[in-house]
Amino acid sequence: MSSTGTPDPDNAWLSDVELLEIRRRLPILYVEAIPVRIDGLGQVTEVGILLRASVTGEMARALVSGRVMYGETLREALFRHLEKDLGPMAFPQLPTSPVPFQVAEYFPMPGISQFTDDRQHAVSLAYVIPVTGTCEPRQDALEITWMSPAEAASFTVSEELEGGRSALLRAGLASVGMLP
Amino acid sequence: MSSTGTPDPDNAWLSDVELLEIRRRLPILYVEAIPVRIDGLGQVTEVGILLRASVTGEMARALVSGRVMYGETLREALFRHLEKDLGPMAFPQLPTSPVPFQVAEYFPMPGISQFTDDRQHAVSLAYVIPVTGTCEPRQDALEITWMSPAEAASFTVSEELEGGRSALLRAGLASVGMLP
Amino acid sequence: MSSTGTPDPDNAWLSDVELLEIRRRLPILYVEAIPVRIDGLGQVTEVGILLRASVTGEMARALVSGRVMYGETLREALFRHLEKDLGPMAFPQLPTSPVPFQVAEYFPMPGISQFTDDRQHAVSLAYVIPVTGTCEPRQDALEITWMSPAEAASFTVSEELEGGRSALLRAGLASVGMLP
Amino acid sequence: MSSTGTPDPDNAWLSDVELLEIRRRLPILYVEAIPVRIDGLGQVTEVGILLRASVTGEMARALVSGRVMYGETLREALFRHLEKDLGPMAFPQLPTSPVPFQVAEYFPMPGISQFTDDRQHAVSLAYVIPVTGTCEPRQDALEITWMSPAEAASFTVSEELEGGRSALLRAGLASVGMLP
């Protein structure tokens, strides 16, 4: 965390060096969300995918994602990351059940699971989250693109999602009966 | 269906006699809903239980429940029965996924499962449904009582639910992490 | 039921004519199963797809599938259809929970859902079922082909599954974390 | 880790002091399992509850439970803790899906969720696991008691489970349709 400026909310309880150290010792708990728009009967009509600039300046597609902090409930973590990535007017409908549609296990070494993450061993609880308001991506998320479930499941988008998240996106679509 | 008057929407495609006959030959598909109120983070704060007069005039507690008709989707059936029992201003949030929290199997003969129904072999897909508007029970549902999850799980309410639905109610509370 | 004698177990409580009639009046309840082989940690390694001759003599891929009969539990229906299609030595591990990974709604008219069935409106509860024994397809199922999850998810197999069941197969793979 | 030699498998990648420190900074990921016996149709017939001596020598009921280590999959963690608590001949049937029936959030401070843990903020993925072999508790688990689902759900057993795990046990029973 820089001494001058805005603290990274994800690191609030840990310095960057400490977190770096711990990331090599323990699985880190994450939540991930696929923002969707639904019709009056609850059926998913559109899927929101973020466009994000990586640290190296490259553009990449992304899901809403972030760490669960000490003392924070899963719901609070979901809400915080949704607000961080979609803005304060997205009005997400958090699920009544904390059971995710999938548990994604990210490993620094490939071949253990479908998912990889260079930095750490992360275990991520993933949810499909309807949003009813206006999404205005903030921080490093430059833009949110809304597309049909079929487009979201397509190869082109998949390619641009990192760490195997295309499989997670497709599993999310399948969980709501929307995977072609 | 009476020749004089309002058709029972549940029987729209079948006469009463036909339905009676079929009920002894085939499992009948139902949907059931536990209406709940939630807080801003999606956590269930209150559970709505119907008070209903049976055909014999006796009062009994009930969940929102009804048959799925020919040509109707599960979502449409859920919406129709929620509107029938809670009125047009309840604004239920139908689930993004059609997977129920429990499948309740009702048999006319006791001992096969937790659930019984004198009239038929019914298989019911059960959902916990947040409602955001005003509930005004219509038709034979006289009243909806809102109570805390702990009260809803308690013995007194359980006793008044028919056909083993107290177990279904408790399973619904458990599915949202609210069973004490 | 054929006039020569062998009763179709699926029609035991209804004549063909009666069933034909009812199929135009009520949604019919089905169970479907995707047979899989698993490793010692429960991870799916292979998926079994049936090869079946249709009434017109055409070959088609299929999942284990069949009607739930009056008085029969979902578990009994699952077991009966697994035994019918995979033989008595398949030793399927039925799930501890009756909650399916997906509810597939088949309509005679296209466009209502992902799934179609010329004959009827069917609602099908679908399960991924590990089998530990030897599968010897009986009756009209000519053969079971074992393939990797990736092959099962591929386009070629999908094309050969009827009524949109390729989407159901992919949703099943997704539910066990095996959809690429 | 004790100086006499036997490493605590739970602490293999961290010293006790380090773990103590981290437990105040990050949520720690756990898996928990409710061992059950099932009949030929997959229905739960018996539930296994451990009897365990705490560090102070007091006896308490417990579920199978333990930390997920760095580099370890959830399945591997489940298998390791089941073997540790039930012995090598229990032959647990690990689930095909890594999605838990419930996510239990344990906090050191009461009132945030149903679950508490003095030592840490732990997030636990909970599973109902059929075991088909012989259970011989090892290490600090002195005994496993098999009981009916109704007994397991009863108040007496609940009282003896720590940290609110009686609610987790009941949610597990509900998830397999066995909560009265």
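Should a chain be cited, it is by its letter among A, B, C and D, assigned in written order, with residues numbered from 1 in that chain.
As a convention for this text, a residue touches a chain if its C-beta (ideal position, glycine included) is under 8 Å from a C-beta of that chain, and two chains touch if they have at least 3 such contacts.
Quick caveat: nothing in here was measured; it's all calculated off a predicted structure.
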Chains touching subunit B and subunit C alike, please list them.
A, D
Quick note, more Cb pairs in contact for A-D or A-C? It is A-D
When the Cα trace of subunit C is superposed on that of subunit D, what is the rotation angle, expressed as a multiple of 5 degrees?
180
Centroid of subunit A to centroid of subunit C, CA atoms only: how many Å?
34
What is the distance in Å between the mean C-alpha positions of subunit A and subunit D?
28
What positions in subunit D touch 2 or more of the other chains?
73, 98-99, 101-103, 113, 175, 177
Would you tell me which residues of subunit C are touching subunit B in their complex?
13-14, 18, 22, 24-29, 68-74, 98-103, 105, 107, 109, 112-113, 121, 123, 125
Can you check the complex and tell me which residues of subunit B touch subunit A?
36, 38, 40-44, 73, 75-76, 79, 93-99, 101, 128, 130, 175-177
Touching residues (chain side subunit A, partner subunit C) in the complex:
102-103, 113-114, 167, 170-171, 174-175, 177, 179-180
